[in-house]
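Chain naming follows the written order as A, B, C and D, and within any one chain the residues start at number 1.
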Amino acid sequence: MFLQVINYASNTSAGAVCIDPDCSWVEHWVHRAGPRKEIYYEPEEVKAAIVTCGGLCPGLNDVIRQIVFTLEIYGVKNIVGIQFGYRGFFEKGLKEMPLSRDVVENINLAGGSFLGVSRGGAKTSEIVDSIQARRIDMLFVIGGNGSHAGANAIHEECRKRKLKVSVVAVPKTIDNDILFMDKTFGFDTAVEEAQRAINSAYIEARSAYHGVGLVKLMGRSTGFIAMHASLSSGQIDVCLIPEVSFTLDGEHGVLSHLEHLLETKGFCVVCVAEGAGQDLLQKSNATDASGNVILSDFGVHMQQKIKKHFKDIGVLADVKYIDPTYMVRACRANASDAILCTVLGQNAVHGAFAGFSGITSGICNTHYAFLPITEVITTPKHVNPNSRMWHRCLTSTGQPDFH
Amino acid sequence: MFLQVINYASNTSAGAVCIDPDCSWVEHWVHRAGPRKEIYYEPEEVKAAIVTCGGLCPGLNDVIRQIVFTLEIYGVKNIVGIQFGYRGFFEKGLKEMPLSRDVVENINLAGGSFLGVSRGGAKTSEIVDSIQARRIDMLFVIGGNGSHAGANAIHEECRKRKLKVSVVAVPKTIDNDILFMDKTFGFDTAVEEAQRAINSAYIEARSAYHGVGLVKLMGRSTGFIAMHASLSSGQIDVCLIPEVSFTLDGEHGVLSHLEHLLETKGFCVVCVAEGAGQDLLQKSNATDASGNVILSDFGVHMQQKIKKHFKDIGVLADVKYIDPTYMVRACRANASDAILCTVLGQNAVHGAFAGFSGITSGICNTHYAFLPITEVITTPKHVNPNSRMWHRCLTSTGQPDFH
Amino acid sequence: MFLQVINYASNTSAGAVCIDPDCSWVEHWVHRAGPRKEIYYEPEEVKAAIVTCGGLCPGLNDVIRQIVFTLEIYGVKNIVGIQFGYRGFFEKGLKEMPLSRDVVENINLAGGSFLGVSRGGAKTSEIVDSIQARRIDMLFVIGGNGSHAGANAIHEECRKRKLKVSVVAVPKTIDNDILFMDKTFGFDTAVEEAQRAINSAYIEARSAYHGVGLVKLMGRSTGFIAMHASLSSGQIDVCLIPEVSFTLDGEHGVLSHLEHLLETKGFCVVCVAEGAGQDLLQKSNATDASGNVILSDFGVHMQQKIKKHFKDIGVLADVKYIDPTYMVRACRANASDAILCTVLGQNAVHGAFAGFSGITSGICNTHYAFLPITEVITTPKHVNPNSRMWHRCLTSTGQPDFH
Amino acid sequence: MFLQVINYASNTSAGAVCIDPDCSWVEHWVHRAGPRKEIYYEPEEVKAAIVTCGGLCPGLNDVIRQIVFTLEIYGVKNIVGIQFGYRGFFEKGLKEMPLSRDVVENINLAGGSFLGVSRGGAKTSEIVDSIQARRIDMLFVIGGNGSHAGANAIHEECRKRKLKVSVVAVPKTIDNDILFMDKTFGFDTAVEEAQRAINSAYIEARSAYHGVGLVKLMGRSTGFIAMHASLSSGQIDVCLIPEVSFTLDGEHGVLSHLEHLLETKGFCVVCVAEGAGQDLLQKSNATDASGNVILSDFGVHMQQKIKKHFKDIGVLADVKYIDPTYMVRACRANASDAILCTVLGQNAVHGAFAGFSGITSGICNTHYAFLPITEVITTPKHVNPNSRMWHRCLTSTGQPDFH
């Protein structure tokens, strides 16, 4: 068997490599995803492992299921799940789960991760020790930015040890904030579910005297979910996202606009991304187990500011705060995400069998592609405040510039 | 036209009366609901008003819609909605909303109250002044315990002023805590939606390493929603309700049981009614606009206690807290509640046309009935800790006695 | 161990018996369901089997799951599922499925039957041969009228052979047509889902010029689903059920009324139970595998009649026909049915452990009870055309008497 | 006011024109959609009309709503809805519906068309007479291929009469078969809902002994819905679409494959597009009111073929046939379609104000664009049998080549 394509090894802009030391060099670092004519592994001898890292995201089970199905189509017999993220590589008592079509057939009907997730993990060297001990040939990592960095470190360490292990990632970020990707799985479902929360806030606000509905949505550093859910619901008066700064107080502040809305239409609905307005909050230096800085909760802050403001000016305001985060994350994938997960899962397996490592499977500019992990994790993707989509959102909400 | 039935006036156990001073006495204070052969009003001359009070509850729009439909079948032309609860009687700028089949045809397809709700209100005398000025003959009050008390006070004041006004209530309490009633509208829908939150908590807990899912459900003084949602989901390990006391700490406390669950099954899901464990919280004397004592939030308290406990004992626990309250309240009614609302709304109109006042429309022991308001508001209905249903819940959760 | 209650044996009105030949006589043939102080079996020695028969019904998996859970709580180790109804007792290649908490934990999240269903079966003697060969002590039969008759025949044959086998049934009929029962599991869910189909028909009819929406719902001999779904949707103009005869043609016929509706409101929505208007159809003598007479399809007939009628009178009518049967049957149970299934499943196990056989587990007049199978299968329950519920339905649809 | 862009008039490849006779020529016939710096109309003087034609499609109300909102933002006061498609232009008794934000605020919460739809219509000249008499300046046509042709004819006739009327279309085809368009609104929702029907068929088939689930989905000449729903569900064994021919009988026919599936996995699920296998059916020459050839119903044909085949070979097969067409069409738009509708509706108004006529508003290669109607209606878009997506579908179903 031959490796048919690429050695990313000498491509300085990318850490992804072909695991075959003899393979030839190719300039392009983005490759069209899909099956290859020649494959690098003998399927019958392959041991493949799947691991899911970070927080929940709709579609995790769809990706797991499709990777298993596709591996079986190639002829792989030895497929295992690593439990609870990278933790499954070192935590005693966490056993490999044998996976097959029978086991995963219907896991996509429920949300969550069949394998379990967790944040953080051990040192890379320990994980690679474990990979070596378990004789894993292919490792599929479904996770976010941090887990991608981890996957790349594992890939580099395997290379250093001259282990022929394909490390292939699938980006999992409900926030849709992965560079180069048109969209990531789970995002569409998240917007759909977020819209349900917005509709509840709208119903509560509209049914109340001087009702103010406030919904906090996911988005640590990006406002994609908030922007899309605001647009799709058509029920939002103010949408606040991390990429666009704003003032709360003052003549042109958000609170003054809310006053105006209560006066004129009698109620209003506000949608905030969790990472919005961080400049208005006290900084914290704490981090979570994945190493992400723990953000102050802008949703709760906003709720308190609104209540205080209307109390101070002596105007009644009936504030209802909804944080649907876990109900959104724990959903099963909708049809559109199910298709995306199916294709990403199939392609991840094609990539591994083609002999790639250090790559991730995504959709770029309507085409499914393999990208080097190092490229996609340089920085998160952001909402462009000058984009048409943000302007459409502003048109839909009718909100002014808050400065 | 004659009044066909009853004068509750001399029945000391009940404030409900027939508004015809000449009508004869009847002993029974509960009457089978439904249309009567003779009606007390000339439909063409009637002005009927509908008001919705308190918090949201699935089915409000179904009841409003059915009252309007049934009034029109009787021949009533003048039907109005009072906006935002009793507040609509005195707040300037809140106009009567003319109601008809065309206006309300599809309001049941959305949650909330088409008329708006609010808590609290003015003095009874001011409301009755307003009723008199507006020449209202029938007032339909859809609200909870407090609003029922208000409706009864209005009824008494009308009698005192010798106004022939039928005040008929429909009990609206998502908590299902109205005395004598088999169930109140919105409860079934609330349990259905609450189950969605529980399923999210289950998915989150099960997918996490040492996951603890915690769901707070409605129920200020009663655990009906928590108990039923725990039973129907089949995914709850511990259900805590106001009617059953428990300790958190100690060998037989809840926290010790959670430790046991994390050890044995690796995760657990806890459901608490908002009014549970009030003896464990610091008392507050604050009240809301409806006069209800503001409870300390046991859900948040529980979340903090669990986190602290596992931190103290050095065991990892990944706690996910879900408070779906507004998403549950803002739902539209499910089919079962839609039927209940239809019948209650029809009966409320039948009751008013029969000349009753000071009554409420409910379902008791599988029969639809009119009851005197004074009777149903004496005390809320509670979960009986010795009932079979609570025992079934305990069987389902497998939880021990926490003492 | 002693049998604690009853010997139905000498009760001529009921075939149910206690399987202990020494037990004493009790008059009452309906017993309050629930756990007993003394149990008839040694749980460790029991082999329990579960079988689901007939067509699908929401909640089958909930009942299976709860029977398994409750058997395990009693201490039973040997629980098996019989595949595809009674067929599983004799068809080669159909193996017993070992059941336990782990296996059934999440089966309630999907519709259908985890064990498979089928109609019809073998001779009773062959089934009992199989029960004997498999050494089954408890047989739980979840099925409709026909399967109940089968269960009773099995029970009688076991008695004849002096086998100590408890045969306990749980009534499964989506049509809600079991005598004495307040409601059967799956019915509530069916009404909820049927309402979705009605709403589609309403949307189609209302959006079309002279639109006629026609929905056929389940109900071979009873109109419960059609009546309840019509009431809960509030969108039906004409509801036709088997219990109430009607004419299609003529001045007072249904078709003439539809003309009137198209003229006055521009569209209309009709709901028919599958067994309605059988006197208007050509008789067939064919039967299905369960022995039920195959009904001519009134929904299709009605569709053709409406099209022909409006063509004949030269009036445009845009007829949209919806038959949601399989989409309704294949649903998972809603919350209300999930609770019902939980209790029925628990009680079935209590009944078997109490030593009963030939009984079925139901809810009568708000109380959970055991009833002799022979009693409940004498005749199906029907909608009473003089009942308040049917009158409420007529009020809601506004339909006249079609004669 | 000036026209800012284009005169399509001399562009022979396209019938779209600028309605200003003096405007300058531009080569490109596809234009980026969006607001223009200069607008052609005085908003206060504009009378705008909206009409929806053909069958229902999720999102119609979203588009109507957004056109009204955007017109109001421009300052248009006179907005009307034409009832029941082109029929509203000539049918007596169908009045213009005045539209405004208040009227359309929540129409997107229900499916269907708030304005009503119908097929076919009058002569173009009569419609333009009516447009002239009503003094309509902008006509927004939401419809499929036939209605686009109609819109273009209206546009040409207006030009001939030198009426300054902007005729702007929005493509409405649930089948996703419009040339050049990435996707059309409603398609995503249709796939989501179709998947529900597939899941029901799967549950029915899997729960039955030798169950065969058969689902017919929309797609007169294209298989997009069938292909996407098969992929997203992951539960389909055979997917048949119009673009790929197949044989039913013979060694390599579909029926033989179904036999194989029943033998090996015990059940199977088949998804067919309504227009599949037309070469296997008897041709009809009948057309519907829109002029579409009425297809023979392949779903029903397939059902009969399967039943007959298994009867002939003496193998039991329990066939369940589901046709969810109307339940899919009558849905409200999901979040993803709601965003698409919002942008298409906004752009249609921008296009009209820019002075375009004879154009349609779509999304091409991820960019929103205006296209000449004449171009998009030349032929329907088809599934490419050599595309990756169809191959992914084949991988997912595992079906062979049926020849």
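The rule is simple: a contact is a pair of C-beta atoms (placed from the backbone, for glycine too) under 8 Å apart; a residue touches a chain by one contact, two chains touch by 3 or more.
On a predicted model such as this, the values are computed, not experimentally measured, just so you know.
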Touching chain C and also chain D, the following chains: A, B
Pair joined by the larger number of C-beta contacts - A-C, A-D: A-D
Chain centre separation (chain A, chain C; CA means) in Å: 45
Between chain D and chain A, distance of the C-alpha-averaged centres to the nearest whole Å: 32
Multi-partner residues of chain B (at least 2 other chains): 110
Chain C contact footprint on chain A (complex, rising order): 106, 109-110
Of chain B, residues touching chain A in the complex: 56, 84-85, 87, 91, 110-113, 116-118, 196-197, 199-201, 203-204, 206-209, 318, 320-324, 326-327, 329-331
Complex contacts: residues of chain A adjacent to chain D: 34, 62, 65-66, 70, 73, 108, 182, 188, 191-192, 194-195, 228-229, 231-234, 334-336, 338-339, 342-343, 346, 365-366, 368, 388, 392, 395-396
